[in-house]
Amino acid sequence: MNRNDVTEKIITNKVLNDIKWCDVAQKVGLSKEWVTAACLGQMTLNAEQAKIIGDIFELTTEEQKWLQVVPYKGSLPSPVPTDPLIYRWYEIVSVYGTTIKELIHEEFGDGIMSAIDFSMDIVRESDPKGDRVNVVLSGKFLPYKQY
Amino acid sequence: MNRNDVTEKIITNKVLNDIKWCDVAQKVGLSKEWVTAACLGQMTLNAEQAKIIGDIFELTTEEQKWLQVVPYKGSLPSPVPTDPLIYRWYEIVSVYGTTIKELIHEEFGDGIMSAIDFSMDIVRESDPKGDRVNVVLSGKFLPYKQY
Amino acid sequence: MNRNDVTEKIITNKVLNDIKWCDVAQKVGLSKEWVTAACLGQMTLNAEQAKIIGDIFELTTEEQKWLQVVPYKGSLPSPVPTDPLIYRWYEIVSVYGTTIKELIHEEFGDGIMSAIDFSMDIVRESDPKGDRVNVVLSGKFLPYKQY
Amino acid sequence: MNRNDVTEKIITNKVLNDIKWCDVAQKVGLSKEWVTAACLGQMTLNAEQAKIIGDIFELTTEEQKWLQVVPYKGSLPSPVPTDPLIYRWYEIVSVYGTTIKELIHEEFGDGIMSAIDFSMDIVRESDPKGDRVNVVLSGKFLPYKQY
Amino acid sequence: MNRNDVTEKIITNKVLNDIKWCDVAQKVGLSKEWVTAACLGQMTLNAEQAKIIGDIFELTTEEQKWLQVVPYKGSLPSPVPTDPLIYRWYEIVSVYGTTIKELIHEEFGDGIMSAIDFSMDIVRESDPKGDRVNVVLSGKFLPYKQY
Amino acid sequence: MNRNDVTEKIITNKVLNDIKWCDVAQKVGLSKEWVTAACLGQMTLNAEQAKIIGDIFELTTEEQKWLQVVPYKGSLPSPVPTDPLIYRWYEIVSVYGTTIKELIHEEFGDGIMSAIDFSMDIVRESDPKGDRVNVVLSGKFLPYKQY
Amino acid sequence: MNRNDVTEKIITNKVLNDIKWCDVAQKVGLSKEWVTAACLGQMTLNAEQAKIIGDIFELTTEEQKWLQVVPYKGSLPSPVPTDPLIYRWYEIVSVYGTTIKELIHEEFGDGIMSAIDFSMDIVRESDPKGDRVNVVLSGKFLPYKQY
Amino acid sequence: MNRNDVTEKIITNKVLNDIKWCDVAQKVGLSKEWVTAACLGQMTLNAEQAKIIGDIFELTTEEQKWLQVVPYKGSLPSPVPTDPLIYRWYEIVSVYGTTIKELIHEEFGDGIMSAIDFSMDIVRESDPKGDRVNVVLSGKFLPYKQY
Amino acid sequence: MNRNDVTEKIITNKVLNDIKWCDVAQKVGLSKEWVTAACLGQMTLNAEQAKIIGDIFELTTEEQKWLQVVPYKGSLPSPVPTDPLIYRWYEIVSVYGTTIKELIHEEFGDGIMSAIDFSMDIVRESDPKGDRVNVVLSGKFLPYKQY
Amino acid sequence: MNRNDVTEKIITNKVLNDIKWCDVAQKVGLSKEWVTAACLGQMTLNAEQAKIIGDIFELTTEEQKWLQVVPYKGSLPSPVPTDPLIYRWYEIVSVYGTTIKELIHEEFGDGIMSAIDFSMDIVRESDPKGDRVNVVLSGKFLPYKQY
């Protein structure tokens, strides 16, 4: 058994029992983005959180243990994703990558926007021309140090 | 001559003359994100905008013409970017890709978040523990149609 | 169990029971292109459609549930397809890619032809020199927005 | 000098002199799709056609000779195209590839849709919800022979 | 079950029962090249042929059905083959590729040698310095059409 | 200067002076396949042959020297060729690769068909249904030795 | 069952029963290099040899049959090997590749060193500064033929 | 200027002046394998050796300086080499890689054969059935240490 | 059964029984870095060590045998690692690779830092601004030899 | 002109004038690791530092400006480095990658070792059995945050 097996069991139980990620997140008491990523094998849960997830998805004690182990991260099966929704995000990085780099450096100097001290919030914005997906990414700026 | 030559000239002139993207954007009258992307060879300018950019970066009339041609897009030299700042964005897509997919589908059903009817806003958020880069991505939801 | 298992079961039952895609499409009441893509794991069915498909291919209730989940899309096992029929399409994109780009931009300006608000129609055209495959692709033009 | 140099000169002259592909095609007397592909280095012109193209784009006699040589085809700089417009076509092949294969085989048996005995027609379709790009692809069906 | 399973069963039975491809071909009444390719999952058999193959390799009726379905073609596990015998063929394409292209275009003009309307004949040629493998490839020339 | 420069000069002079490979071969006194491959930078000429080629393509003494140096072989710009004519050959290796392997081993045992002690002959075969390209490949069988 | 299954069984039995390759080779009566390669699925045994190997590694008659079938060769799981010992050999080819090419051509002219009519001998050389691995590779020179 | 420019100049002068690697090696007083690798940009020369090489290939003082700088090593333009002579070496690593690993470990235990404390000797062996290329590779065994 | 199966069993038992690598290392009497690498399938244990590991992770005698076999090394599933923690190390090699090369050559001359005669020590350094991971890598310098 | 041109000029001047990195670092007043990385195009200098570097390597004012621009980082020409010294570091990441991950997580929990808030120190350690390269890597631990 490994973390991937637990992820697959969670997804299967979600499909068969019509579970919603936002409900799972509410029970855990954290954002839907972090909780979903954790359920999909990208984040590490503590014992209490693993118990809640375990109850929702009918996981054994052993499976709950795996949720508390830091996983090997990266959720995509290929370097360039084939799924259209995920590809659009890859395309944003491809088309806007150098722009993002220029503007962060102009504002902050040399360094990066952290993907670890990081949060993401996905919300629906109503729009008469068609509702929009708005996503807020927040990452701490980490400057390169001279030494 | 091609669009890439114009992009390189813009970057060179920016470096030598200490031009700032936010000033360029202000003169064009559009967001710094769109204008920077355009200067970096990813967007198409109209004649008036090309004139403004041309004046700032000392472009010839021919070079301004190239700014009005739709470019072959994609700003990165390799499928997986090596630059740490841009890689962090690739990593976000890699780690959170399936999470983003799940949550958008849960909210909207099958479809994508558009990378064309799209805008991006990069802002500094002051934080006593270290300032943060906050980025708002807004893309129209486009549903898959049955036919 | 996952969507891929359901796809394989559908294909196996199709082979063993000599089911035709055009008959399946007729029962679902949608085009053969969309219905086949859905059966092959690329589109999302609603409950009613899943029931029809389930009856045709002898799927369990659980399997029908999987048909209603948005799949991870992309149907090819390698970035450059090895199958000769599918490769010819890849070759068309390779040989005509820049031509398609030029002509759409000449007609519409900067933007894309949507692969989401999209339909496809494959028809046989009789021809004394050998029948032809005619395919009509229809995608909404989506303009890049300035912001 | 090689064919690629001629292609670049054609593109440069097109940009600087505001030449339109549909006008070029009209002068050559063939479809805009074939003529554009030829100008972009993917098709072979005869002497008369090369003369017409040469006059439009101010090509020397030597450059016109290159237009009459069969080029090494393939117009994209990477196996998976990065340009969003061209990527959408790649995505169509990726998502619908197995569907196209199934439906052509169901209708015609084992074989392929030719990319050589082939034509393409790109047209604008007015639509109150947003104009559409309609493309008709027509390829001769070539059956696999038993021997 | 899928076509690949049938191919593996055929190979296994061939090994265990010392079946020869030339004998199989003789029973089917077609060339050893086409029949072997069909047994290896690259060609489509009709019902009668599938029955003959089925009898030789002890295939069930279900397995015979799979032989009548057009397979996803391409028999190699990697883009550049590692097996020395097959690699030599890849090397011939690599070393002589541009030569083949030049000579076919010089003789026929722009177009291709079909790999669909195609046959192959592999024969032993006695030679006192060491016997030779002689292979005749025959493909219809398909000219690019102007339109 | 390197061999590649000489190859490009040969091709350029061929285009500008309407030279035919079969005429070049006749003057050298060898097959058109070997001579063309040599001119395209894949084979090594002796001094006398280099002189003949040099006269035809107006090469300097230095350039003729390069023709006598063993080149780094491989004529294609990518592992999977994009040019349709050459791709068809790659496809033949892909689709028939395991078949070729099986039939040569059945006839000769373990070993390979040499790509070094090798010749190729490309001929036109008239056919009322469309002329064919017939190619004869002849390679010495080289058995694996036990030791 | 396939050849790979037999290879895995051989390796497993070797580990569990502390069998040494040099002892296996001695029983077969051939070099340890060839016999090990054969056991690892890269060479083809005759019936008598397969019987000896079968007795050592407790193979069934069926499994011995697989040893007599020419395998699909290539023993590495990736184009660039990750194992440090094997990588060093890849590195030798990378660093010394052009040197080897130059020196063989200087001595023999255009052609190759055969990897088929080939033998390898790995021996320990005592050295007070640390023992050395000495490997002798012997391959027949095969000249390119003009035709 | 960089080391690669010097390598190209050396090769050009070698071609134009008919210089032989074995003569160069003799003048330097080291093996032809090491000296050729150094001339091809893979090894580092001291001042005295650089002077000798410089005299032979008419290098300037600046160019001789580059010969004394440790180069970025690796002499091949692609991970899998296309040149047939060099590919045969890659094939040996591919086919015999696991065999070499097994036999060195059987004799020496866990560790590697060094590619740094390493020498190579390429010699011609006369053989009535065709001369052979014999190559002796000698590398110090380096054991993995426990710590 | 193979080494990989044993590695997976070790990891599973570690997760289920809350075993710590530092405790395992203490029982073996070697560093936590070497012992963990060995448990993860990268190093070779002797019989005594395998017995200790076997007792801790409840391995059978057969499984302990596998721990004593030199494994095929390389612990990552892709050439560029996707896991953020491991990627940072890849990034250090990417960003600092040429720097490391320059400085080692400046200090030691041409050669390498051994990855075989090598040790690693990972320690926590307390720091009021956030604790640090300090890693000491120690590798013997191996000079390239002239010969 | 771009940053890469400046890097090449620095390297060229270093070679021709026998400049040592440790001397450059001393003049800048920072570590040799950071300064060398900056000179090799991986770090960003301030005006004062750029002036010092400029004086040492005879850079123009324009070139000094480029040193103050944040570069596109990543110093290696291929994902898997071919240079033996740098490859050994890649091999350490490959062989020890999962070990490093396990031990950092065991000590610190889920998170990463920063490659931005990072320093490196390369020192020679005398050793009678052969001097060693000792490298200390120090990176701040950054924990994944729940949100």
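First chain written, first letter: the chains are A, B, C, D, E, F, G, H, I and J, and each begins at residue 1.
Going forward, a contact is a pair of C-beta atoms (placed from the backbone, for glycine too) under 8 Å apart; a residue touches a chain by one contact, two chains touch by 3 or more.
Listed by chain with UniProt protein names: A, B, C, D, E, F, G, H, I, J = Cyanate hydratase.
Since we're looking at a predicted model, the values are computed, not measured.
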item: Interchain contact steps from subunit D to subunit J (minimum; 1 if touching); value: 2
item: Chain at maximum distance from subunit B, centres defined as averaged CA atoms; value: G
item: Angular offset of subunit B relative to subunit H [C-alpha, multiple of 5 degrees]; value: 145
item: Centroid spacing, where centroids are CA-atom means, of subunit C and subunit J in whole angstrom; value: 49
item: Cα-centroid distance, subunit D relative to subunit I, in whole angstrom; value: 53
item: Where subunit G touches two or more other chains at once, by residue number; value: 33, 72-74, 76, 79-80, 82-84, 91, 94-95, 98, 101, 105, 111-112, 114-116, 118, 142
item: Pairwise chain contacts under the document criterion; value: A-B, A-C, A-D, A-I, A-J, B-C, B-D, B-I, B-J, C-D, C-E, C-F, D-E, D-F, E-F, E-G, E-H, F-G, F-H, G-H, G-I, G-J, H-I, H-J, I-J
item: Residue ranges of subunit H in contact with subunit I within the complex; value: 30-31, 33-34, 43-44, 70, 72, 98, 101, 105, 109-112, 114, 116-119, 142-147
item: Of subunit D, residues touching subunit C in the complex; value: 20-22, 32-33, 36-37, 40, 42, 73-76, 79-81, 83-86, 88-108, 111-115, 118, 120, 122, 124-125, 127, 129-142
item: Complex interface listing, subunit J residues touching subunit H; value: 8, 11-12, 15-16, 77-78, 80, 82-84
item: Contacting residues of subunit C [partner subunit F, same complex]; value: 80, 82, 84, 87, 91, 94-95
item: List of subunit I residues in touch with subunit G within their complex; value: 1-2, 62, 65-66, 69, 72-74, 76, 79, 115-116
